[in-house]
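There are structures below to look over.
Two complexes come next, and they have one chain in common, chain A, joined by chain B in the first and chain C in the second.
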Partner chain A sequence: MKKRITWDFLMTRYPAFFPLILLVLSIAINLFLQPNMFDRETLNSNMRVFLPLILMAVGQAIVLLGGGIDISVGGVVSIVNTILATRVGLDGSPEKMWQFVLVSLLAGVLAGAINGFFIAYLRLQPIITTYATSFLYAGFALFILPNPGGGIPADIANLYRPSTPLGLPLAFHVIAILLLVWIYVSSTRYGKFLFAVGGKADAAYETAVPVTTMQFSIYVISGLMSALAGIAITMLSGSGNAEIGNPMTLNSITAVVIGGNAFSGGIGGVAGPVMGAVTLSLIQNIISFAHINTWWETLVKATIIVVALAAPGVINLIRRRRA
Partner chain B sequence: MKRFRISPPIAALILAVVLFVLSGLLPNGFGSDLNVARSQAMNILRLSVFLGVIAAGQTLVIISGFEGIDLSAGSIVTLTAIFTYVIVKGEDNKVLLALLVSLAVGAFIGFLNGAGITFLKISPFVMTLGMSGVVTGAIIIANHGNVSGKVAPIMTRLIARPLSPSFPIPNALIIWLVFGVLMWLLLERTNFGKNLFAIGVNRVTAKLSGVNVIAMNLATYSLAGALAGFGGFLVIGNTGVVLLQLGQPFLFPSIAAVAVGGTLLSGGKGSYWGTMAGAIVLTLITSLLTTMQMPDSVRRMVLGATLLILISIYGRQQALRQ
Partner chain C sequence: MAKSLSARNIVKRYGGVVALSDGNLDVRTGEVVALIGANGSGKSTMSKVINGVVVLDGGQLLLDDKPVHFSSPQAAKNMGIATVFQELSLIPHMTVAENIWLTREPMTAFGTVNRKALKEKTEQLLSLFRGTYKTDLHLDDPVASLPADEKQIIEILKAISFDPWMVILDEATASLDSRQVQRLFELVADWKKAGKAVVFVSHRMEEIFRIADKYSVLRNGKTVGAGEMKDINEKELVKLMIEKESVFTFSRGETKANDKPVCLEVKDLRTDSLRGVSFSAREGELVGIGGLRGQGQRDLLLALFGDVPYSGRVGLFGNESRLRHPREAMKLGLALVPGDRAREGLLYIRSILENLQLPSWAQYGFPLKINKAKSDATKAGESLNLIMAGLGEPVSSLSGGNAQKVVLGKWLMRKPKLLLLDDPTKGVDVGTKAEIYALITQLCSEGKTILFYSSDDEELVGLCDRVLVIHDGIIRTELSGATLTKENLISASLGVSNGYHPESLTGGAQ
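For the complex of A and B:
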């Protein structure tokens, strides 16, 4: 009897508990298929590939927590990638690079502000608004760089790729910073407001929460995180491609939901989505290491994701039937 | 103060007509040639049918509320198109069988969606997104890159061709009108329709008023899947060739068509007429952008901006202070 209370308590009080189980499970399977996974080199080469999705998942998590959704994030990633690849160039100087990193961040904030303006101030529905702006952003990226090409100097890309400060992959430091910032933010008034707006916007409004400002801000944060993801992916690939962000949009949403956040907002955090993003990336790794027939890859991956999403529901169903 | 309001379906239709007339003034528009204008209009209407039918299921799940959405519609379209293609093999007498299989396969996938959403409490967006991946994966395996089959002459005759040379209205359009009337009857004149709006507005009050919310949810997603299956049947009848990406390009436009047609994405309010108008507007815009020779990048930006303007006109939600 006592055990059941513990399980329910864990599941409801800590939304990141189940994602943690999934993460441990996928690490275990991955370790079995790739025994040298925890070597510093391998770990770093994995984590630097995962980092862009992790950054996007954090941005998306904030948006979902606040009761919205952002399907324009892939477009922002593409814009940042094309800005860096065309403006810095393969023979650009480091100063130029940092200058355009700043421009990229501003571009991300601006893109998020456009989303936020339409959704918060003009009160349009988030999913359709960001769908429309996703065309705007993807089109703009393609306008900057019609054909794949360009890039950033190799020595700057090399700052990102093998970087392991204090013997740990760069991604770990980034995750640690993100989590620390989140722990701080969720204890501030902003964090409380975020959950209030995502939980029930009209009730939040009646208790004097600045709902419109909050809604605006979540999209700006999402734009900024997408810009960071765009910078990371550009340093990873070293080259420019206007379509680079498109497939990442839906992945970022899946990562957040696997991470235990409620799709309808108001429940969850940032640690869960980070784990969700890593789990999602590990699933991809597992599939490529398991030597699954290419034809079967899509089905296997999608099935694993659906099972991962369904698992908490199945467990609850079984528990309720027993009780 | 009472504000002047016109209903979204009418607004969308007026917009479509205005856009179409304006497009005549473009460099390679129809100019002053009425015959060209008519045939262009008919062609755009014919193309709208496919988006319109696929968006029908989307309309149902969106009206049902609770963040209802069907992201598996695109992959269902591809799957049933392939089924139809393989089953028919160019024979007229297998067409009915193919249609039934399409509806059944669509309904089955829709039912799985509904079951996951209802019993496992997975949010519709993610459930149907995952299902879309599973179906796409199944298509890739079943296909192994190539399928052999053929559409039947009668399908091309009924879907792609006009009624008769002297009466140049595409058959697909007539099918769509009948379909639209049936959808209207379903939504406005049946218990199912009444209950659908009821659960869309508020699930708790609907349940307390005796609506079987679980059964309604399952039925809605199954029906949406079946309608997407019907869409796949129609699409393959029109194109005649199978592509792995046949259905996916219809997915987000089908949601946009519902939104442009004035159906609330939060559920409980909407109509299929609106979706039909929305499908026409969206098809019109994309066709116009294709005929205007501009780079892909500009085309996408114009499409995004137009969508934003469209939904800004009447897609606004209520202010919090009301």
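For the complex of A and C:
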């Protein structure tokens, strides 16, 4: 009896416990294959590639916590990338860059607000709505930039790539800020409402929680985080491609679920999904270092992800059998 | 300081169903009003009207004699009206403290929740029920990990945490043990002294007489009586709750001689909601299952159909059986007509043919003898007088009554020996009801055994040979022959006489 409580306790009170195990495991394997992994240069070149997904995972985590899902995030990333690549240009000035970074953020907020309006105010299904808007946003990105090209000035991109303030990769600072903001937000009333709406929307309504406003806000946050991810990936690649965000949508959801957040909402946090995003990216790394035949890559990656996703369920099943 | 809330001539419809046609209620500070009524009389709707969960279709609410309008639970709350919801309004994965103070958390200057103050305020509230907790209740436990009674207590504490002038207790004692009920009643007495008003919705007569000052009785959506508790006794209250005239004329035959073989023997059946049920049924017998909703009747039928895990012994047709899956029950000749037609009984968007044949496809070989299946389904439809445009039409095109005939038909096509009926006439029109009654009677005369749960007491009294009254997971009383009257059934459902002595009930109720 006591033992059961301990496991449940760990899983519900510390949802990041399981993702932490996965993270440590994948770091260990990665370190074995790539011994210089913790050198400043290697670490930074890895982390700057991981950062866009981490940012998206945080946005997606908020949406899932609030009982929704957002599969239009990849489209937002593409829009931001194409805006920056076409409006700033390879020879643009830094002022112009910052100006359009602001425009990008607004575009992300607007895209999120459109999702939120449909879902919170018109009461449409989150998965259907954001599936539909994902084509809207992806299509809009193609409209801005039909063929890959354009870009941002190299000296601005260089601000992002080798940047290691205080000797640590830029991504570490961003993660630290994200976690600090989350710790603050989750102890505010907004944070409590977020868990309440995701946990049981009816009960939250009967308790006078502003359910509709909360649902609207999570999509706006997700749009904003996707825009940040779009800015990061543009700084990383330096060029424009209207399809750059497409493969990131499902990765962001996978990262959040590996990170221990419940698909049904109301359980989890942000630290887990951040670890989930890093784990997911490390798996990609491991595969390329393990010299696995390219043809097998997708299969191996998918298998690892399926096993990681299934593990908590399998553990629960074994526990139920024993009980 | 004295406040009052009155509901006048309230009308509330859900779709075509009239839940309240003339609901009235008067509540004043310093008094406890019991809201009483049989199943489906409109009690829950009435409490949802005065706490703003549902919007009225007619009538008026008066707060201190001035008309008010509650557009949401929040609006009622702002007027100082708190509700202890029967289906708890707690968020499972949030902690006890977070749940109680949700939307009213004490804050720090930085906009974060003040944990220390939250802790103190929660401790203070939890101490109201100190000594009655069975577990080591801690304010940082997620609510999902608590037993049902403690969840109920948290719901009560949540309601009173914002110091309302009026508290609605909707079946709040149902999951509490006697010590906890005692504690709650002490608190209610304190609230009364402090000038609060309490609306007490309960099925337990004994509790109503213990704490209520006034009563208000609902019957079929109408308020049929109200007054002071001291002017009325249990029997008079029960009488008020009972309908006088009946639409149907039932022809319950004389109780047949019990010479047929026993085909169902249940010993000490236990599930999550049953606490040891034993009974037996003979071939051709119609055994009614009565009692208030949600006392374990549904679990009894599901357990016998292998749909929920159970402990205890079930003997079927002379053999000990262990039912682990509905498939096994079906093989033994059992059929279950489930209570929630739309969710469990039918595939709404699929055709009538598919629905009728769903449990029977295996009989039609491979490849399916589709013409045989069609002609069998047509025959079944005809014998049930099923009104439809064609077998290929979706079930969603049928009326409620005809849809229910499809549910019955799909099981009757398998020629079951033992039928389990879970409230088969719920949401069915009057004509179809009469047809279902005739069908039930006919099936029994053909030698089939039927377990018949109904939330309509009149049906049970009118049709059954005997009725097992279930209360709180056990069979409280068995009524048959002369003791099987509506008065006795309702009294037993409410646990008036603890139900152990049916003969003592018969005396006075007539």
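As a convention for this text, the second predicted complex is superposed on the first by the 310 of 323 C-alpha atoms of A that agree within 3 Å, B and C clash if a C-alpha of one lies under 4 Å from a C-alpha of the other, contacts with A are read in each partner's own complex, and residues count from 1 in each chain.
We adopt the following convention: a contact is a pair of C-beta atoms (placed from the backbone, for glycine too) under 8 Å apart; a residue touches a chain by one contact, two chains touch by 3 or more.
Keep in mind that what you see is a predicted model, and the values were worked out from it rather than measured.
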| item | value |
| --- | --- |
| Simultaneous placement of chain C and chain B on chain A, clash or fit | clash |
| Touching partner for A:266 - first (chain B), second (chain C), both, neither | second |
| Partner chain in contact with A:195 - chain B first, chain C second, else both or neither | second |
| Which superposed partner A:131 touches (first chain B, second chain C, both, neither) | first |
| Larger contact residue set on chain A - chain B or chain C | B |
| First (chain B), second (chain C), both or neither touched by A:93 | neither |
| Chain B versus chain C as contact partner of A:205, first or second or both or neither | both |
| Which superposed partner A:158 touches (first chain B, second chain C, both, neither) | neither |
| Partner chain(s) touched by A:301 [first = chain B, second = chain C, both, neither] | first |
| Chain B versus chain C as contact partner of A:257, first or second or both or neither | first |
| Segment of chain B that clashes with chain C, given the candidates 149-157, 185-193 or 293-301 | 185-193 |
| Shared contact residues on chain A - chain B and chain C | 202, 205 |
| Of all residues in chain C, those that touch chain A in their complex | 53, 72-74, 77, 83, 85, 88-94, 98, 102-103, 105, 107, 110-113, 115, 142, 144-145, 158 |
| Interface residues, chain B side, partner chain A - complex | 67, 69, 116, 119-123, 125-127, 129-134, 136-138, 140-141, 144, 252, 255-256, 259, 264-266, 295-305, 307-308, 311-312, 315-321 |
| In the complex, chain A residues that touch chain B | 69, 118, 122-125, 127-129, 131-143, 146, 201-202, 205, 211-212, 242, 250, 253-254, 257, 262-264, 295-303, 305-306, 309-310, 312-314, 316-317 |
| Chain C partner contacts - residues on chain A that touch it in the complex | 5, 8, 12-13, 184, 187-189, 192-193, 195-196, 199-200, 202-209, 266-267 |
